[in-house]
Structure formats: structure tokens, C-alpha cells
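First subunit A sits with subunit B, and in the next complex the same chain sits with subunit C.
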Partner chain A sequence: MPTATALMPPDIDFDSKEPWAADSELIIPVESTQVLIHESAAILGAQAFLNIARLPYTVKERKNATEISPNHKLPVLRCGAYVVSELEGIVQLAQAKGVTLSDYLNASEKADLRAYMSLVHNVLGNALLFFAWNDNDVYENYTKFRAGAAYNYPLRVIMPWHTRRKVLTQLKTLNWTERTSEEVYHEVETCLTALSERLGELDFFFGESPTELDALVFGYLFTMITTPLPNRQLGNLVKHSPNLVKFCQHVEKEYFSQSI
Partner chain B sequence: MGAGQAKTRKQPQGVAKPSDGVSIDLDTVPVRVENVRINGLSRTKDDYVSQSVQELFKANTFNELVFKASVVQSKLEKLGCFRDVGIIIDVSNSSPDGYEVIYNVRESGRFVGGVNTMIGANEGSLVLGCRLPNILGRGERINLEHTIGSDSNKSSLLTAVKPLGGSWNADISATLFHHKNPAYWSSYTVFSTGALLDFAFESAQKVRHNMQWEGAWRQLEASSRQTSFAVREQSGHSFKSSLRHIMTVDHRDHPIFPSSGVLLRLVQEYAGLGGDVAFVKHDSELQANIPLPHNLVLQGALRFGVLRPLDARDSTHNISDLFFLGGPQTVRGFEMRSLGARSGSDALGGKAYWASAVHLYMPLPFGFGRGSFGEYFRTHAFVNAGNINDSSFNTEDFAQSFQTMLKDFRASYGIGLAIRLGQLARIEINYCWPFRFSKGDRLVRGVQLGLGIDFL
Partner chain C sequence: MAGPEEEMKLHIWAGAWGLPSIDPDSLQCLANIRFAGVPVKIIECNNPWKSPVGRIPFLKVGSQCMQSPNDISAYLRSRNFSADYGLSSVECAETLAYMEFIWDTLQIAYQYFGWVHQSNFDDVMRPFIGKRLPWVYKMWYPEKIRKRAVGVITSVYSDAEGQPESVERYITQKTQSCIKLLAEKLGSREFFMGKSSPTTIDSVVFSYLSFFWKVPLAHNPVKEFIKTTPTLENYLARILNRYFPVGPRKIEGQISSTRLVYGMDGEVIGSDDSTEYPLSHKIFAIVFTSALMIWYGYRNQIVRLPRSEPNIAQEDDDEYWE
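Presenting the complex of A and B:
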């Protein structure tokens, strides 16, 4: 669950003397059959970060990627002896190895960066979880099949139900289950407007060069544009803000020209 | 659990001396059992009890009658319906040689609860249980058990048993279970939830078979951030649906400190009736005991197991299906389940293993405590050897698998004291000298403590 605490460092001491391992693996579920929309966004965000920071990695598809993850969040990055997950974990690991994208920011910009990342996590992250698991149409026609795809009968039936229960409990503690789809839709719209205003006519959120926030936002927006849910066109919301679309195209062209 | 109450009963060689001084050999006194009465039956059905007393009618002499009466008594006790069983043998009025046997039984209550302690593989556990014995009057029972182990093992079981009796001594049971099994030697934890159907019968005397089906949803989880990646990458959910056949031939005279007899145990498991795992697994154990002069007993034991994945699917099994070797119950002088491939501090297990042991058991020296508390102790000297690795004995590489299994085997010798706890468990305190090992093996040179049921 993307919450504020997820932005805090996990309690591992990284050995900063060792450089970034060239054979690092980004472990993700099988993209063609398993990956769900919120997972796809998180994976793409992490890939964007790694590409922007020019850290070498290979993508490895594993059916049990979620369970391999230390906190059951995606994606998982294995770098030497370390296994970290989510964009935050990867950012911290990179930082320990001396690679960071936001060093040039001043203190107030850094606070901004953190605030916006938390906003994107809390609104877009939970909204995608909400649509994938709480919306009956989407669950029945999309989520259920993908969540069970890695297993044979009977887990093919049990696992989607089991995961749904877990996710809904999480959403419930954040009071998200009481909202209607329209409310969530509206909330996404507000968040996108805020992002669009912050971005303005700049290339990246903090000016000339991309930061962790750019990677994170790209992951969500690009996924929303390219992954149609059965009954929702989240992409249309993004398309209301031409500067966000332009931003996505720019990041994709600049940092994903070979890998996508 | 069927606690082995194998008390050997000898035919009484009784010679009665009536008051007039003339002795009567009870072996020659003719007897005709005319009537067997069981007092105290209320909800237990007659037909269920009467099959246990049939053999009384075959008694011909008085000694035979006394012997059979006590055999039947223990049979009645084993039915699990009675709290206690008393015998009265009386003459019958109708004919001169006629006898009547009367059993006074007290039925156990409708609800039995209790707190017990249990011993497993080097861990103790607390069992909270309740039982509904003899529900329908023919020995049917339901058990509910919750076990908390010292290694933070946890398990809950709900079992329904229906004895079928007959000459095969069969019974059928269904169990629902939920286990949490942490494996600290490999830093993972398995949660499994499922059902077990078991059909048990005896095909010959002392040859017991269990035919089982097990369906279990297993969730393997790395138990900490320090868990090595080789173990972590196996985490996840899987459903195992397997058929299992267990055959136990036990001709030993005592389950813990046998002095003669052979034990053979074969376990075959086929996993792959649906579900996510597919393998065949064999495990076998052979133990022979040879009595020697001066109350010495020579014991030889051999175990062998192999797991063969069944297809090329990427996840046909996980680490919890594999074999582990080492520790005070198998190859002494090494850490618990530590042998074979390792990654960091985690044992990775193996697809095949063998282990053997030769023990020389002696009573306590100088006849100390003989016939009393000394029966709870044995001293022993042992030699242990074994090996485990990842070869799965496919037909193509059979010879090579064999060689790798024999090459680089681990071995140790030592002396120690074994203590029997009841009829089931045992404690061993050994001084071990591992003398064949490989680099990276975790040795226990010196004192090693073992606690458990199954010892090699």
C-alpha cells in the first residue's frame, strides 16, 4: 500500500562500497498474462527511474514476483545480495550506491518532491487499486483472470478471492471502499490537474532534468493512457491535460527508445 | 496417535494349590465359555463390542481363558469407548465346566478435553485438544487439536475417524488442517491449509498400510530480510494434491529400545493430481536389531529417499518438498538439517539422500538400575554416515547419481546416553566426532542433544 511510511527508508544498511551490480534483475510478474494495471504503473515507474539514472538491469518475469518481494509490493529489484521493492526501495538502494536524481534540488524543492510523490502514491496508486479490485465490472472481466493466471485449479479460483480480500481490507482502512467510482474518478482528475499545474510548460517537474517524481508520474500516466480498463477510460482524463501527455511522450522518447 | 501399547503378555504357567494340598495343573482344567457379559454399555452398540470378545469362546483350558480374557480386555480398552475395563471370571451354573466372563466397563464421557505435551524433531509442543469419543456408538470420534510448538510451530487439526474393524482392522479418517511450520535451517516459513483422507488397514499381521490423499494450499514465505535469494525466490502459493501410500512392517519388540526384530517403512507419494506441483517421492527406512550376549543389542539402520520432478514446468516443487539431512536424529555430529547445498546460512535441501547408522546399545554399566529405572536408559556407541544432493536418479544419469551420492559422504562416530520418555519419545545426549565432512559443513564436534520420536 503506498502510504507515507512507504517513503521512509527500510531498515537495512546498504553496503555503499560495492558499486551497482551490472547483473541486477528487475523481477516482475509475467507481463502478458499476469500484470495488473497498478502493478504495471509501479513497474514502469521503476524502469523509468533506472533508465533515467542509467543503471543497468535486465527484466525477469517470475510468476511469484509478488511473493518474492520483501513487502509483497512490485517491482522487485535484486542487486547483488540486496532485494528491494517498489520505486522507494530502488531509489534508496541507488542512493546508497551514490546515484541520485534529486541532488541538485534545494531543501524546499526536496520537500515539494516528497509531497508530490506522496500525493501521486496516495491518489493515483489507491485509485488504480480501487478500480482493479473494488469495481465489480473490472474485477470480473479483468482482474480475476489475471490474478489467477499463474496457478492451476483450485488456486486459480482461490487466489483472486484471497488477494481481493486483502486489498479491500487495506483500502477499507484508508476509507476508500466507501467511495463511489465517480468520486474516485473525480479525485484522480483533481490530482492530475495539480500535477499539470505544477508541470506547467517545463520539460520535467523540477526543470531541466528528471527526478524521482518524473519517473513515478510517468509510470502512472503512461499506464493510464495505454491500458484500457473494461469500463473506464482513465487515459481520457490524462488527455485533458496536453502538457502531461507531452511529458509522457517526451520521457518515453528520451528514456525508453530502445526498451519499449 | 496410536500409542504403541505393545505389552507382551505371557501365558500364565499357573499351578493352583487348593487348601487340601493337592495341586491342580491349570493347563489341564477343561473350560467351556458359555457366556460373556459386558456390563455398563449404554450408547455403545453391542455388535461393535461383540466382535472383540469372539475369541474368548475358543478357550479350552483355564490358563488359556485367563490369557484370552486379558487380551480381550486390552482390545476393549483400545476401542476408545471406555474409561476403564474390569474382568470377572465366574463359574456358570448350567454345566460343570461352564464359565462366564463378565466385563465391567465405564464408558467415557461424550466430551473429553485435555492439555498435553508432545515431542517432535528437537522441539516440544503444547497440545490443546478436545475429543468427542464414540459419537454414534461404534467408535466414531471427532478430535479437535491445537498445537503450539517451541519453534513457533502452530497447527490446528479437525479429525473425524470411523473404525471399520473386521479382520483387516481398518479405519478411515478425514482431517482438516492448518499448519504454520517455520524452517529456521533454511529461513522460510510454510503455511499450509488443506485436507487429508486416510484409509488404514493391515494386510497381514504387523503390516500396516495407509492410503492417503492430501490436498494442501501451501504458502511459502521468506522468514526475514536476511533469507538468501535462493530460498526467497521459491516463495509463493502452490496447491499440492497428492496420493500417498505408507507401508509399515514392524516386528520389533519395543518401539524405542528394541532388542530384536525388523522395522521396514516405505512411503510413496505421487503429487500431481491437479494443483501446481508435480513430483514423485519415495522414502524408505529399514532397521534391524540383533540381540547379543550380555544384554547388548546391535542395531543397523538405513534410509534412502528420492524426489523426482514430473515435468518441465518451472515450479514442480519447492524447498519444503525436498529432503534435509543432518542433526541428532539422522547424521549426528552435524547441525540440524544442515547437510548438502547451502546458500549463505540457509540449507537448500536435496532431491536424494541416504543415511545409515550402526549402534551398539548397552544397558547402564554395572547393572545399574536393572529391572527398574535402568530400563529407561541405554548407553550406545554409534557410527553414522550419509549424504544428500540434488541428483534425482533419472534413468539417463542413474549411475552417475549413484556415484555422486557415494562420493563425499559425511560420517561421524560417537558415544552417548539415550533416555526413553514413555513409549514414544526419546532423548539422546551424545559426544560426536564427525570424521568425514566437506568444506562448509556445519559440524557439531562434542556434545549434541537430540529430542524426538524418529531416530536413525
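Presenting the complex of A and C:
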């Protein structure tokens, strides 16, 4: 069974002859007890993409979703013989199957799309990781219990500690642990301002119809607004840009009302 | 806060092969400064000991010290020096987005092909940086940079150590598509943001691409991609010629460093004061070491001075004749 990891260049390895499997499964951790804020953003982004592209899928909650994932990142999508993870993997798989949301863009817009996706992924993704694992308050009251929820006693204590160490090393190499919370808020604010400027008064980032960037941004912003973290500042930062809030409401109404 | 009259000094890594510095971060700071026309003294500094944070490049103004290209350009902006004043707010947003995009693609490729790739590291980067570092640092500093680069790669691709081939393939592919996208974004314009002068985004793209373009790495697929994209190659040459003129003549204008002189390919021409010592030093060294050696030989009786020999001969003669 060919299992493509997220590291394989997809256009070489994906077999595009088969259409999108109707029984595709989006595998996520148990939402009520396990999911962390950054995972929830990634899952919502992937769901938004699949909904926008009108690709059929069912959501499966699995305690060991992280272990199923080829690169330990979430969410995981099983489509026919392939297992891919994260929005990027899913977008590439869909493209190999002939489904794409960004075909109507010209070359320079395609470059912009990649650039803004990097921006959202790097800034908002790392900021959420930072708040979930580096902020002591959030870690003690929220992250620790959710990260250990899938395991029994000794592992319940060891696994959150182990994952925290791993995440902090990763943030450290990217120079994020040297920053204070205020600096990270500032970073997030700059990123949100950039997105707000780009969006302007448009419905979607590239005009009439949504692309994968819209799915990614929706995933992050909606999670930041709705997740009840001990510090609510992240949600408030989004609310400073009315056009981003309007964008979230629009996407939710348009693409999430009937399917979920 | 340092007063505006204090001189700004930018310390950067050494340059070679036609580049004023081979470190993309240094190059980015340097380009930013040239684009914005900031009066800064450039100092080629290969000694991390001199940096308050242990990293190069850094900008020193009085007692203040800024490190990392972003902090430096934020400081310069606070002093009203920026190349981005002509940009609209959407273009500023775009600049931010492209900087992250470059980080994700070209920066990763730089870490991989410059430092993680074994033969590139052993044959080019390590000798280059090792030759220029001060004595104690050259024992461990290159390894430190390499370790950090491995950390960056593994933080992006968690199983990087398990499957090096697919990581390299993946990075190469991402870089290729990045270069293609950048070329399309640039189109027929002179600079990325379309105006007659370059902006911050140009400094970022230029710094990473020119590393691959000029540094003779043994294994360098990125250079092939640049070579096959004439738009970008012309763009790099344009910036290099216009803002970093090459040759044995000194760079004129606001950058008043006498050390920033480098050859077209290969070695630095003018900044070799680290290896070229004055004659008096050489003579002193020769005299000093020979004096020390002679003294040592004399003390240990390896060398005997011929002072007592005539006496002995005379005594022998006397005995003989008696």
C-alpha cells in the first residue's frame, strides 16, 4: 500500500488516475477532551478547504491521531490509498486529483498566495504554539491536561512534559522563546494588520471566490476568536479588524452551515 | 537612547567571491543600509567575541546594540531611515508576507546547502569561516552554526534526520518553485515593488539568492535554477553592480569603510589586514624566535659556544711537548 509521507514531493508520488475517494476520512483527536488550540486551528483550516472545494469526507475522532500522521502533524486525511497531513498535504493531494481552488489566479497572484500562506503559518502558527506551551498559566491549566488526556497514569504525566520539551526546542531554534508575551502579541498584531490590509473590502483574499489561503486564515482566526483561553487577548486582536471578523462570519455562513 | 550624533557601526561577516559578505543576514543589513542611504561605518568583523550577543551581524550605536536584520531595520526606521517609505500599506503587508515566504524556502535552503550538507560544509563553509575566526573560536564555532542549522531543518521537517534524501529532494523542489514564483512576481520590472528604487523585500531576496549565485558550493542545485531564470540573474547582477560596485577601488559615498573591497571571484583584495602583517612585525618575530631557540639550545647543551676550545688545544699541546 503506497503511503505518501508529507515529505515526498507529491506531484511525483501521487497517482492522479483515481478520483477523490468518497469515503475519505479526516482523522482528528477527540475534540472535547484532547484538541489543543493550534491543532484546532489546523483542523478547521483543512475542513474549510474541503468544504470550499466540495470534496466529500467524514470526520473520525481518534485518540492516537498524532501517531497516525506521517509527520506527527494534524489533521490527517486518508483518501483511498493515501495518508496525508496538514492543509498543505491535503491541497497537494486534491491538486493531484484535479481539484484546485487557485487555478484562476495569474502567476504573480500565485506567488502572493504562497507568501501570505507562509506568513499566516509562521506567525500565527508559532504564536499559538508559543501561548499553548511556553506560557506557564496556559500550560498548567489547559495544555497539560489536554495533551495527557489520551493516556493512563504514568504517561499522562510524562507525555505532556515530553511534548513540551520538544515544542520548546523547536521554538527556541526559531528564536521565539526569547520573546515576551507582549512581543508575540505585537507580532500577531502586525500579521493581522497585514492580512486586513490585503483583504480590504473584498469578500475573499483574491476577490470573488475563495482559495486555500482563505481556508487557512479562516482556520486560525475563527479559532482565535472562539477558543476560551485564560488570556482572551488573541481574540480581541482579531476584533480590532472588523473586515477580518466579517470575513470569518461570511466563510462560516457560506461553507459550514449545511455540512456541520 | 543614543544621541543622533553618535556614529553607527555595522559589524558583518567577511565577504568573498564578489560579495561584500557571504552571510545572508549580514548582506541583508548591508543592502538595507545601502538602499536607504544610511551613513553607517561598515566593519568586517569575524570575531563573535566582539558581539555583545555572540552573533554577527550587529549594529552598534554608542552603548546600544541591535542584532538580527529585523531589529536593525526597526532601529533605522526609528531614526527615519527606511527604503520603504514610498510603499502603500498593501505593499508593506506584501513585504511582510514575502519575508516569511523567503524564510520558509530560501532560508531553509541556505541552512541546508550551506551548513547541513556534509561536503559543502567540509569543503567550502568550514574552511572559509574557520580561516577568518580567531583562534579559539575556529575550534568550535563552525560546528555551532551547523548545529543550529540542523535544528532549523528538523524544526521544519521533524523526521529530517531519518530520511536525508527525501528532505533534500523536498527542499530542492520547494526552492525551485519559489524561484519560479519570484521570477514571475518580478516580471519585467526592475525591483519587486515596482518603483525605481529597491526596498526591504529586495534586500531579503538579494541576500539569499546571491549566496547561492556566487558562493562556489560543490553541491548547489539552486544555482542551476537561478541560471535558468534570466530575469532573476539579471536582477541580482543589477543590484550587485549598482549598490556594491566591485573592484580594487574603494567604495565611495556614505559608506566610509576602507576594508570593504573584494575581488570578482575568489579572495578578498583589500581587506586582508588580518593576514598581511607589517614588515617590522615579521622581523621582530624572526629575531625573537631565533633568539629563543638559541637560548634553549645553549641551556640544554645542544649547542656549545666555541669559547673554550683554543684553551684545550693549547693544554694538549703543552702535554704533548712535555
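Rule of thumb we're sticking to: the second predicted complex is superposed on the first by the 245 of 260 C-alpha atoms of A that agree within 3 Å, B and C clash if a C-alpha of one lies under 4 Å from a C-alpha of the other, contacts with A are read in each partner's own complex, and residues count from 1 in each chain.
Keep in mind that, in the parts below, a residue touches a chain if its C-beta (ideal position, glycine included) is under 8 Å from a C-beta of that chain, and two chains touch if they have at least 3 such contacts.
None of these values were measured; they are calculated from a predicted model.
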| item | value |
| --- | --- |
| Clash or fit (per the criteria above) of subunit B with subunit C on subunit A | fit |
| Touching partner for A:190 - first (subunit B), second (subunit C), both, neither | second |
| Partner chain in contact with A:64 - subunit B first, subunit C second, else both or neither | first |
| First (subunit B), second (subunit C), both or neither touched by A:155 | first |
| Subunit B versus subunit C as contact partner of A:110, first or second or both or neither | second |
| Partner chain in contact with A:243 - subunit B first, subunit C second, else both or neither | neither |
| Subunit B versus subunit C, judged by how many residues of subunit A each one touches | C |
| Minimum Cα separation, subunit C to subunit B, after superposition on A (Å) | 10 |
| Intersection of subunit A interface sets (partners subunit B, subunit C) | none |
| Complex contacts: residues of subunit B adjacent to subunit A | 217, 219-222, 225, 229, 232-239, 274-276, 314-315 |
| In the complex with subunit B, residue positions of subunit A that touch it | 10, 12, 62-64, 66-68, 70, 78, 81, 83, 151-155, 158-159 |
| Residues on subunit C engaged by subunit A in the complex (per definition of touch) | 68, 89-90, 92-94, 96-98, 100-101, 103-105, 148, 151-152, 155, 157-159, 163, 166-167, 169-170, 173, 178, 181-182, 184-185, 187 |
| Of subunit A, residues touching subunit C in the complex | 5, 7-9, 71-73, 107-108, 110-112, 114-116, 118-119, 121-123, 169-170, 172-175, 190-191, 193-195, 197-198, 200 |
